[in-house]
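Shared between the two complexes below is subunit A, which has subunit B as its partner in the first and subunit C in the second.
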Partner chain A sequence: GDSWGLFTFLCAALCNLPALPALNCTEEPGAGHSIQKTYHLTRYLELQLRTLAGTYLNYLGPPFNEPDFNPPRLVRVERVPSATVDLDLWRGLTDNARLAANYRAYSRLLCYLRALDGQGTAELRHRLGHFCSSLQGLVLSIAGVMSSLGYPLPAGGSPAPPGTSPLAPNDFLKKMDDFWLLKELQTWLWRSAKDFNRLKKKVPPAVVTLRLEARGF
Partner chain B sequence: SLTDSHIQYERVGADVTMKCGSMDWDAAVTWTANGTDIDESHLNGSYLILKNVDLTQSGQYSCYEGSSWHLKYQTYLRVGTPPKEPVLMCRSNNYPKGFYCSWHLPTPTYIPNSFNISVIHGTKEMVCEKDVFPKNRCHIRYLQLFSTVKYKVTLTVTNALGKNSTTATFDEFAIVKPDPPESVVAKPVPNNPRRLEVSWQNPSSWPDPESFPLKFFLRYRPLILDQWQHVELSDGTSHTITDAYAGKEYIIQVAAKDNDIGTWSDWSVAVHATPWTEEPKHLTTEAQVTETTSASTSSFMPPPTTKICDKGAVVGSGAMAVCWTAGLVLAAYGVLFI
Partner chain C sequence: PRLISPPADPAVISPQDPTLLIGSSLVATCTVSPDFHLRAEDLYWTLNGRRLPAASYAPLGPTTLSVVLAHLNGSKQQSGDNLVCHSRDGGILAGSCLYVGLPPEKPVNITCWSKNMKDLTCKWAPGTEGETFLHTNYTLKYKLRWYGRDNTCQEYHTAGPYSCHIPKDLALFTPYEIWVEASNRLGVAVSDVVMLDILDVVTTDPPSDVHVSRVGDLEDQLSVRWSSPPALKDFLFQAKYQIQYRVEDSSEWKVVDDVGNQTSCRLAGLRPGTVYFVQVRCNPFGIYGSKKAGIWSDWSNPTAASTPRSERAAGGCDPKGGEQNTTLRRELKQFFGWVKKHAYGCSNLGIKLYDQWRVWLQKSHKTRNQVGKEP
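Then we have the complex of A and B:
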């Protein structure tokens, strides 16, 4: 709307001033394109997770691999910020807050997933490794969107390494932790598809960038 | 009072013994069923014995004292069955607003039933508001979105002869299923014998297609064939079919799904359409058209017949002469090139 008109005017005005170094107004795919890419990444990861979760839950064994397993959520230290949110609150999130929430969540999820490495069969370890690489790609993609929109990355990148956080007191509770980790990851991927849908609508498809080129006077 | 209306529920196949109120066993009484006297063979003293009751035996049973014909006892017998396990279905056709659950009994009980539904989300009990219409349906509003905890819905059905229940447990995302697309319209495209233009609208129950876009699945086939063709469309509410068989009537349907979660809707109402076909020309003008074309076109035209120069179609005898000459010239050409 108005900001567009102003931007274009500014661009035209600056480009016409002879005394300044020549300015190149170019249109790049920019943020809109990155958002679309990130959206597709979340869908891809959600698909990958279905296979990974199936394999991992089978490795954990019953009751974790039963389809109607519905345990109560034990109140332990919340390791990962939950995707669950009040509807009106979610609607009202600013683009910055929306992106930051996604960035923080996946950074931490990645960390805890990496800690699962080294468990189970070779096939499972291989799948986990592949998934972690893809998840890393998602984190970087979100960071890319944030910086292209001029938002600062949330501080405190990675939490304390898993080794130092309170470990589950027994084997069963450790498996419960793993179960909830996968559940939380799955829910975040479903949520992100919706988050990025909203972002797609609000960010214009092309961002005009000003490139200052120094030309000899 | 003794003559108060009283309802008695019994199972199909049960043996029923009715006492005539406070009358002694050896008192002389007459029983009636819906006003009709009951034969004495069914009596054991003053008790009425009904063995292996069936549905037809439902009705009003009255007992009268022998000679005075005073009404001593009256009851309404309802024969039925205890409820079988009910069928429960929960679905979100208005995501992210909430979901509804609807239920029914697989077989009738023939007596009144009451339903009780409970919804538990984690540790919280939620209220499912009963709909006025249709009955046997209730709806819930989501308080939170993107929940990791499943919803557990328990439906209990109770009647005078027993109770039964069923439970459904599901994730928020699993029950998302939109209503079918609305206002599906299919139109031929002028001057395009193999095209059909299809358009539709988002189901009106879907509250927020901006943030929760739908994708669509279109299927079409000519009426004469059984095999459907399918097209999946990730956005937009219209599509042009470009490979329709010319002149054949088509049947077309569309379904919708949230872009990312849940399942496909049912198919929309079917629409029929036939692609555009060229209008067949009227007979009187046909002669003039072929006359023009035969004078100017290719050698592949067969030698013109006398039909071209139909007396009725040509005005004036001069024209007739020209006609014949043209005919001869073309016949010559035709012979040369065949």
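Then we have the complex of A and C:
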């Protein structure tokens, strides 16, 4: 409200100048709007993941689909940076670092999920495909927020292609990897909801930019 | 530079991820890594989350425990049964996926059809039901009969789970050989070869613009009109049509078979004051001069229309009783007028004459309708 009044006054004042600079007033939808959208997208994906994980874990068979299943994390290679992080560290993250962590994580998670393609029943492959599309949307949404706030996208967003990274040496270990991939995805979506909630509060709802083009100056 | 060896797996199972026939038996062993300081007595096995009886265990050394699995059933899931070696506290040390099933049998019942001679879709049935324990891959292959190499169909599941679609580069006037290969971890099976000419299995879209309308006041007839499918105009063949119709609240369809290649038809013998659903389908007949019929298209979407309600209700209470009397009186008036003209003397007057008059009335009514109201 106030910003509009001020803006109109400025326009009027400047228009009365003898040498009139051309005014380009643009209002961007604002990072605040994109953040809100991204937040909703994480909640939506969280819901979709519940169905996908249920179907996939049933495909892997018991004990993977048992509610209390908690296998050891046989760390051969750290595939995705963990979502869990020290609380103070998390609070202290800059907006840039916060967004970058999300962007990197989902880019890599998307890659690993896509590698699951070709497995399982037609229904499972269909659900996986749909989820990957939505996840791609999330990655792009985060990129959009970063660019609207003027942050550069993290370099090397996508990891090395699956062929070069060490694959699970046997089918059972591959099932464990798949289990942990889904768990990681779930944890990241929970965390992202909090990340974007926090970002929402810090960025103003609308950003009005006034650009002055000097003509004949 | 220091070589950092990766952390050793807690245990190793043998055999790792085996493939087995239904009914076979298996002896598996779990050997714990020396770093873990566990002994054979500290271990137990589960299969798909269920603990296996200790009676089937046998230690084969200080750090190796074996288990016997007899008469295996088909795998519970296509990703393999989960055989897991645990330490006493329940922790997972290692696992092995068991793939238990049957080799595939020859796929059967291959049927194909071509939509407007532009593509080919085929479907088939698996040889046995037992093929669901293991993931079975189906590949549809085709080649021109007398020359050419084998081609592989790429677009699967277009018309159900066992189907494939070949979208282009198909030759006409020459036979194709088509077959399906089924393969899984236990083997391969190849179907019999089907030979066909694309022109023999052509189908089209259903007829478009199906309209059903009343025929004047005739209460037992409906007129059906449609257009031939647009793709047909490219081909040099005639079309045969078939109509099916049913009463609104019945599931029994009546088929009209002898429609020929007209694009309109009159349905007769219908019930008055009833809603009918009508569908039309098309068969491309005599493509490029052949005497053979093609494959019937799908039925068009049902079109509904109702026959006019009868003025003279068949029995029962007629609330329009009064109206009926005036109709009869009008008729009689007309009759006597007619008698004056045609009957000489009262001796010819009678029921027979009256009947003759009624017949004459029906005929003139019909011609009047045909001339005046035919679209």
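Definition applied: the second predicted complex is superposed on the first by the 187 of 217 C-alpha atoms of A that agree within 3 Å, B and C clash if a C-alpha of one lies under 4 Å from a C-alpha of the other, contacts with A are read in each partner's own complex, and residues count from 1 in each chain.
Here, contacts are C-beta pairs under 8 Å (C-beta built on N, C-alpha and C of every residue); 3 or more make two chains touch, one makes a residue touch a chain.
If you're wondering where the values come from, they're calculated on a predicted model, not measured in any experiment.
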Simultaneous placement of subunit C and subunit B on subunit A, clash or fit: fit
Partner chain in contact with A:Pro72 - subunit B first, subunit C second, else both or neither: both
Which superposed partner A:Asn197 touches (first subunit B, second subunit C, both, neither): first
Contacts of A:Glu184 with subunit B and subunit C, given as first, second, both or neither: first
Contacts of A:Val85 with subunit B and subunit C, given as first, second, both or neither: first
Touching partner for A:Asn170 - first (subunit B), second (subunit C), both, neither: second
Contacts of A:Arg43 with subunit B and subunit C, given as first, second, both or neither: first
Vertex subunit A, arms to subunit B and subunit C (CA centres, degrees, nearest 10): 90
Contacts of A:Leu60 with subunit B and subunit C, given as first, second, both or neither: second
Minimum distance between Cα atoms of subunit B and subunit C in the superposition (Å): 12
Shared subunit A surface residues [contacts with subunit B and with subunit C]: 72
Complex contact set, residues of subunit A against subunit B: 43, 46, 68, 70, 72-73, 82-87, 90-91, 180, 183-184, 186-188, 190-191, 193-194, 197-198, 201
Residues of subunit C that touch subunit A when the two form their complex: 6-7, 9-10, 13, 16-17, 46, 48-50, 76-82, 84, 91-92, 94-97, 157, 161
Residues of subunit B that touch subunit A when the two form their complex: 96, 122-123, 142-150, 152, 169, 173, 210-213, 259-261
Of subunit A, residues touching subunit C in the complex: 58-64, 66, 71-72, 74-76, 119-122, 170-173, 175-176
